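What follows is a set of structures to go through.
Okay, so chain A shows up in both of these, paired with chain B first and chain C after.
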Partner chain A sequence: MQGNHPIGDSRRAKAVRRAAAPLAVTVAAALMLAACGGAKKQSGDAQGDGGTLVVDTSFSLKTADPGRTFEPTGILVTRPVYDTLLTFAGGDVTKPVPLLAASYEAAPDAKTFTFPLRPEAKFSDGTPVTAKDVVFSFNRVKNLKGNPAFLLDGVTASAKDEHTVVLTTEAADPALPFRIATPALGVVNSKTVAAHGGTDAPGADQGDKAEQFLNSDSQGSGPYRITKYDVSSEVILTRNDNYWGAKPKYAKVVVRNVPANTQQLNVLSGESQISLDMSPDQAVKVKGQAQVLQQPTPTTAFLFSNDNPATSPTTSNKDFQEAVRYGLDYKSLLDVAGAGSAQAAGIVPSFFTGALDPAKAVQRDVPRAKAALARAGLNNPSVDLYYASDVTINGINFGDLGARVQANLKEVGITINLKPAPTQTALDSYRNGSEAMGLWWWQADYPDASDYLAFTPGELVALRAGWKADANAEVSGLAQRAKVATSDAERVQLYKQLQEAMNKTGPFMPLLQPAQVIAANNTVKNLHYNPIWYIDVDKLG
Partner chain B sequence: MSTSSADPTVDRGTPRTAAPRKGAAPGPRAARGSHPFARFVLVRLSVGLLLCLGITILAFVLTHAVPGDPVAANLGDRAQNDPAAVAAFKEKNGLNESLPSQYGTYLDNLLHGDMGTSQQTHRPVWDDLADRVPASFELALVAIVLALVIGVGLGIVAAVTRNRWPDRIIRVVSLAGVSMPVFWLAQVSFYLFSFKLGWIQAGGRLSPGAIPPEDITGLYTLDSLLTGDTGTFGEAFSRLVLPACVLAAFNIGVLTRFTRAAVLEALGNDYVRAARAKGLPEFTVIRRHVLRPALTSILTVAGLTFGGMLAGTVLVENVLSWPGLGQYAYKSALNLDLPSIMGVCLFVAVVYVVINLLVDLLYGVIDPRIRLS
Partner chain C sequence: MNATRLFLGDRLGADRTGTDDPAPRRKRRPGKSPWRSPLAITGIVIIGVFLIAAVFASVISPEDPLAQKWPKYQSPSGEHWFGTDQLGRDILSRVIHGTRISLPLALLLVVLAMVIGTVLGAVAGYFGGWIDMVVMRCADLVLAFPAIILAMAVVAALGPNLTNAVLAVVIVSWPTYARVVRGLVLTLRQSDFVQADRLLGASGWRVLAVDLRPNLAGPVAVLAALDLGNAVLLLSGLSFLGLGAQPPAAEWGAMVNAGSANFDAWWVAVFPGAAILLSVLAFNFLGDTLRDALDPRTARAIRK
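Moving on to the complex of A and B:
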């Protein structure tokens, strides 16, 4: 009907133009204002004063209180804020080196460790770091009973004098120096923390009230201070002018919560300088335009075949386990993980002391797998494989990995039924040991082979795979000896033997170490990968 | 066909005699003053309160029905194996009590203004919401304004140019708006407008390390204007544009299609023809005789749209790193963080109740017949 009224049409067009005019004016005004300048920057942004480093990562962060921190982003941001007694230089995690301690001495029985403190070390408020602060910090971690408390199991901290700390252990503990270098054991200013509700006394798990204070105002002796903490968007570190050591280049470090896809674009556009979470596929796209570090992580992805007959008579069959072990095509699994990943020869990651030689890694042997399956007496076995479907570890989708395992084992004659579930649901069945087969990962709590004793019979992870304490005397014996061995050579030898024995008879099949991709634009210098805290922001030039 | 019966704003269930003529003396119900109106508001608020209570029960039950364990979600492998650490976590979060007792404690605390402590941020949920709601509110507000202005505008243009090229183009555009998934649109828009063309900055509310404006309302654009900081306003606005447009896209599509249909219905009425015959300017005809009757229906959709936008923020905020309620809700669900999940659900329920109440009240402002009845 409207088309029959040309005069009306022209009036309507005019009416539309009149209605649209205010909108156009508003949008134009807003865009002009938007173009008129940027927000104020915090002091120290001037190029002559070091500038700002922007690091993009997908946040895994709950707190900036070092006594409660154990998430990857938490470790990244607290490491340059709270100095530890020992640390690791660059990416070398095979040897702890002194930081707050001027040196350290371990008794021959590995039960007493003495740490003389650097006299020049002081907190961000200028007060000196004393042995009392170290004892307070360690006791607080223990009594908070949070995620990092296990690092000090059986450890007693005492102050020999104002500048000497002594740690004693109930049993020989040669791995203690490696645990001491963990950022969760960063030293806090005991006086200010106590003044704000902190306590190191038993009952601190309910009585300590210092977390909010530490989230808003850090109390460490490291090269940076936390000046803004937002658990979901960004953490800002500002250079500590009272730092006792070498002054870091960047006046400010902004760590932002950004999804992996956006990180790639941000680094290329210069919106940020460093990305920590790109996948190997994304890394290919930025090579040539940005510097890329791509190497295996200290995370081991593994498959287990439950050893408990009550859970599954099939998967607990030792011949079935051998069939799975030799039926897997480990090289094809690396295709899923992408460039930079590596086959896990044993359960201990490749760059830790005591890691198994890559040449000793299990290789696919289909005839051997079929022979083992025939010995097992199982006719076309069908088994459920559980995994977390909503999580990606360094670009690896466990659904893709599970599908590849399914295809590998089908060639041997084993039918795998994929059982994906959201992480929180899958964790339940994994942790209560009810999965017949599981596809999981273990990220190192600290960079020492002793962290992987959890996979030996009767221990934390082994029980999830139904591997009970009395299941394998040889492996248990090696684990006990490795745990208390004090000489480096003996430790290395025992951990290697232990992993070889586990690769022969254990229910675990170590699959791979995913690749960590760190991309940085070319303005960043001195970039190194650290397997525990990714990058040393204070060492970047 | 009589004018009034064809008017889409007339409540078909209401007897026509309930709508008195303009200028007529008030009837006996109107003479009783605002009492029925106050009663109406009171009833709606009471229903809203019950609705919020129901939401808390539902959220509580559903969160516990998920086959996951907050202990497993919040404690690491080692701590989860340590009975002392597990006991401390349960004690601190009240997980030792029975479920009804936990719910009772939650309600009791809620009545005292305590929404509990988040297991993921270790802060009071109230503080978390207070930090994040302004960011989402600013985003949703700009998005709804965009959706209303553009959606209603395009709907009108499409209706008055029915079956001609502007109408056809608008229909295709609106179909695209309702068809494109928000997460995809966010990714593509970011890539195109921010990365490739460099027209718009995106990611966060301000550039990394920038100082936010003085906290007056929590809305960075408004606060920076109030404090006369045009530099920060420019940046806050420019970073708001992309997420707001993405969030508005779906709703622009919905509102365009809905407005077009409502305006077309109104355009066919005798009273519109009569207004034109009287020689009224076309703009006046559309504004007074077409748009106004169509407005109640548009308002209903707009009210629902604003609530729906809060759900849309979950995707947009996560893709475009906007530190608002959507990001918080996503992380809370991922960590089975019950106090935070309850807090978010309660907040969204309150928003829905308030918006619906406002929409009902606005009906009366727009249409005198509804007000008088």
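Moving on to the complex of A and C:
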């Protein structure tokens, strides 16, 4: 190790390292420029009449064509632009109320629904809304075969006369009015959309060319029009002067794509009026200086213990499932999710019709869990828990939630090995039903308990947890009856029974509903939270 | 054939270096050992503290690093010196246990990269021809990407966990060693003592193992020491991105990431971040000192 060496060559390594520094500086400078550019946007007080409302959200946006959109930001911006037949008033999603329809009537067999339209309703270009437009819009959604198409499965729309729409369904469909209130079923101006390449004929998924047009120039009958659409930075809504109903206060609404950390600063500085994506932990600092709404979302985070012995002989053991169910400390999981979250008593979110009474929720019972584990006859079971590691749902990192589940179950003698994977990979194993245990979430497609029949034996989500069609006759029977029950009281009763039965023997453990935080400047009035489209921008004063 | 190669090597070597003197004599200023400099001492002390922490982690740390017993986001206090994190775990204990992941893995991967890089570089430099071509083009290929980007790609392909992260960092680090060693071997292989050994009938492998190895050891050691800091940084960088250590492991990079979700709880990210900073700094001090000790020529150039 005596040194006979010219070492000049080692500088090469340094040159490489140094070359990286200017690059980093350039990137940082570019980012700062971008940030400053963003900061110069209109700060929204009294400019012109009504002024501008700036809403910050981190975008999940693909299109502004209502027939194709099913992403949260897409729903937020199309809701005030495309009126639907029915809607929900304020934050109450238990009862659809008329919007474009003057009223609605369901036949006792829940197979025919009649919607007389408001004669005064007209589109942003001044043409009246007719039954023809509604039929065109509904057929277009179906034939585009996009994400919202399932809302109209088995539904046929027809125009009884110029101002009456009739929807008929193949089977009894008591949940239809709830689905009709979804913003994707907003009514478009059939004449202009058809003129710009839109079609409602079968094959529209290939033949419809109206998406570009609808992105640049909206064709709805709502209180706002889309006047600027940039899928990555901002969407601008401008007041529709032809609106048939009460005019909204703000002349302009700017919805900007802003990361959650920046939203907190923006609301505090008055840079924006409303933030939609803060986590409950961030909201703590905003309280007192801004109004903060913190409520559970219609998303259910759940754990499953695969019911298929071929996937895992351990997790399919009913006693093991009971041990997991009573070994989880649900209150401590809420601590991870933050203030405003709520324990999910059943799989159906708390504010939907048919939700289980919070008092019926499973409570932790360590002795019972240990006894069940002893009955299972498993010696120190060790199980893999799969989850998507790169998503954060309302501020909840699933890695943190998994680590808490792991700590909970360790106390009753179950060893959990965390198996994180990027969402795409994790979704594959989830959908294949090959995960022994999984930590996942289900976001309501529409606010009705029937959306959760997917969790009953043999259905979509149940199969992912290895719960086969013939696995549980009691639950399957209740599900069948709940699906077709037409009277409200009967439906509520059946869905409650169904969830209680699932909480006894099913492979699913509903954990919690995360908290939605909506923070707004004190200048914003009439703020309320809607579980589907977050806020009613047209109702803000 | 051997003769031709030797002859060719001779000429190339002469052209490139312009000198055939393999042994610049070491001279040290009397009484000024580089190990006595304040930087060296700082580095040694910090690394020493970290090593002790790593060995005795379970004795020193006040709590179980995985216990979720306390309220979340407690600011630093007498009870929790570094506060608690998003799951109510004691951050001090986690930072201490973090040394058990970062330091051994950084050492391991630097040794791996060093061995692989040195062997490939020496073989490429000594035998030349197509071996040289293949090895050095591979090295160029790796060096053409920013290290962290390539490491991310490797981990993404293999699946995110610590083992793969170490593998990825090894894959992006070996070319540095290969290039340096190849350069050294190119200039050394026509020096008199190598020629003499070859004339005595030594094989290429013997020359590499017996004649050249001692001459390569010094510069490679310096390079490795300087690379340790990089290794810690890359490894925690990968964990920060969710590609290295997975929860609930107490790894510094992953802890910084957890802290970035909530800036108001600054202590969640700051303490593990400071641990990364200190270890990288200390390794760099050590590397510099080692270079001063083993390579007075560059050291003198720097002092001027």
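Basically, the second predicted complex is superposed on the first by the 493 of 541 C-alpha atoms of A that agree within 3 Å, B and C clash if a C-alpha of one lies under 4 Å from a C-alpha of the other, contacts with A are read in each partner's own complex, and residues count from 1 in each chain.
The rule is simple: a contact is a pair of C-beta atoms (placed from the backbone, for glycine too) under 8 Å apart; a residue touches a chain by one contact, two chains touch by 3 or more.
Note that the structure is predicted; figures quoted are calculated from it, not measured.
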Inset, instruction - Once the structures are superposed on A, label A:D428 by its partner contacts, choosing first (chain B), second (chain C), both or neither. - result: first
Inset, instruction - Give one of first, second, both or neither to describe whether A:L418 is in contact with chain B, with chain C, with both, or with none. - result: second
Inset, instruction - Classify the contacts of A:G395 with the two partner chains as first (chain B alone), second (chain C alone), both, or neither. - result: second
Inset, instruction - Check whether chain B or chain C contacts more residues of chain A in the superposed model. - result: B
Inset, instruction - Considering only touches as defined above, state whether A:V336 meets chain B (first), chain C (second), both or neither. - result: second
Inset, instruction - Examine A:T262 and indicate which partner it touches, taking first as chain B and second as chain C; both and neither are also allowed. - result: first
Legend entry - Partner chain(s) touched by A:Q282 [first = chain B, second = chain C, both, neither]: second
Inset, instruction - Quick one: classify A:Q212 as touching chain B (first), chain C (second), both or neither. - result: first
Inset, instruction - Report for A:A407: first if it touches chain B alone, second if chain C alone, otherwise both or neither. - result: second
Inset, instruction - Determine where on chain A the residues touched by chain B overlap those touched by chain C, and list them. - result: 1-3, 8, 12, 16, 20, 23, 261, 422
Legend entry - chain A residues within the chain C interface of the complex: 1-10, 12-13, 16-17, 20, 23, 261, 279, 281-282, 284-285, 332, 335-336, 389-390, 392, 395, 397, 399-400, 402-404, 406-407, 418, 420-422
Legend entry - Residue ranges of chain B in contact with chain A within the complex: 66-69, 72-73, 75-82, 84-85, 88, 91-92, 120-123, 131-132, 149-150, 153, 156-157, 160-164, 187, 190-191, 194-195, 198, 201, 203-204, 206-212, 229-238, 241, 267-268, 276, 281-283, 285-286, 318-321, 323, 327-328, 331, 334, 336
Legend entry - Contact set on chain C toward chain A in their complex: 17, 22-24, 26, 66-68, 72-73, 86-88, 143, 146, 156, 159-160, 176, 179-180, 183-184, 187-188, 191, 214-219, 222-223, 226, 230, 242, 246-248, 258, 261-265, 294-295, 297-298
Legend entry - Of chain A, residues touching chain B in the complex: 1-3, 8, 11-12, 14-16, 18-20, 23, 30, 33-42, 45, 52, 54, 62-63, 68, 70, 145-147, 149-150, 205-206, 211-212, 215, 230-234, 236, 252, 254, 256-259, 261-262, 265-266, 268-269, 271-272, 422-425, 427-428, 431, 442, 445, 454, 460-461
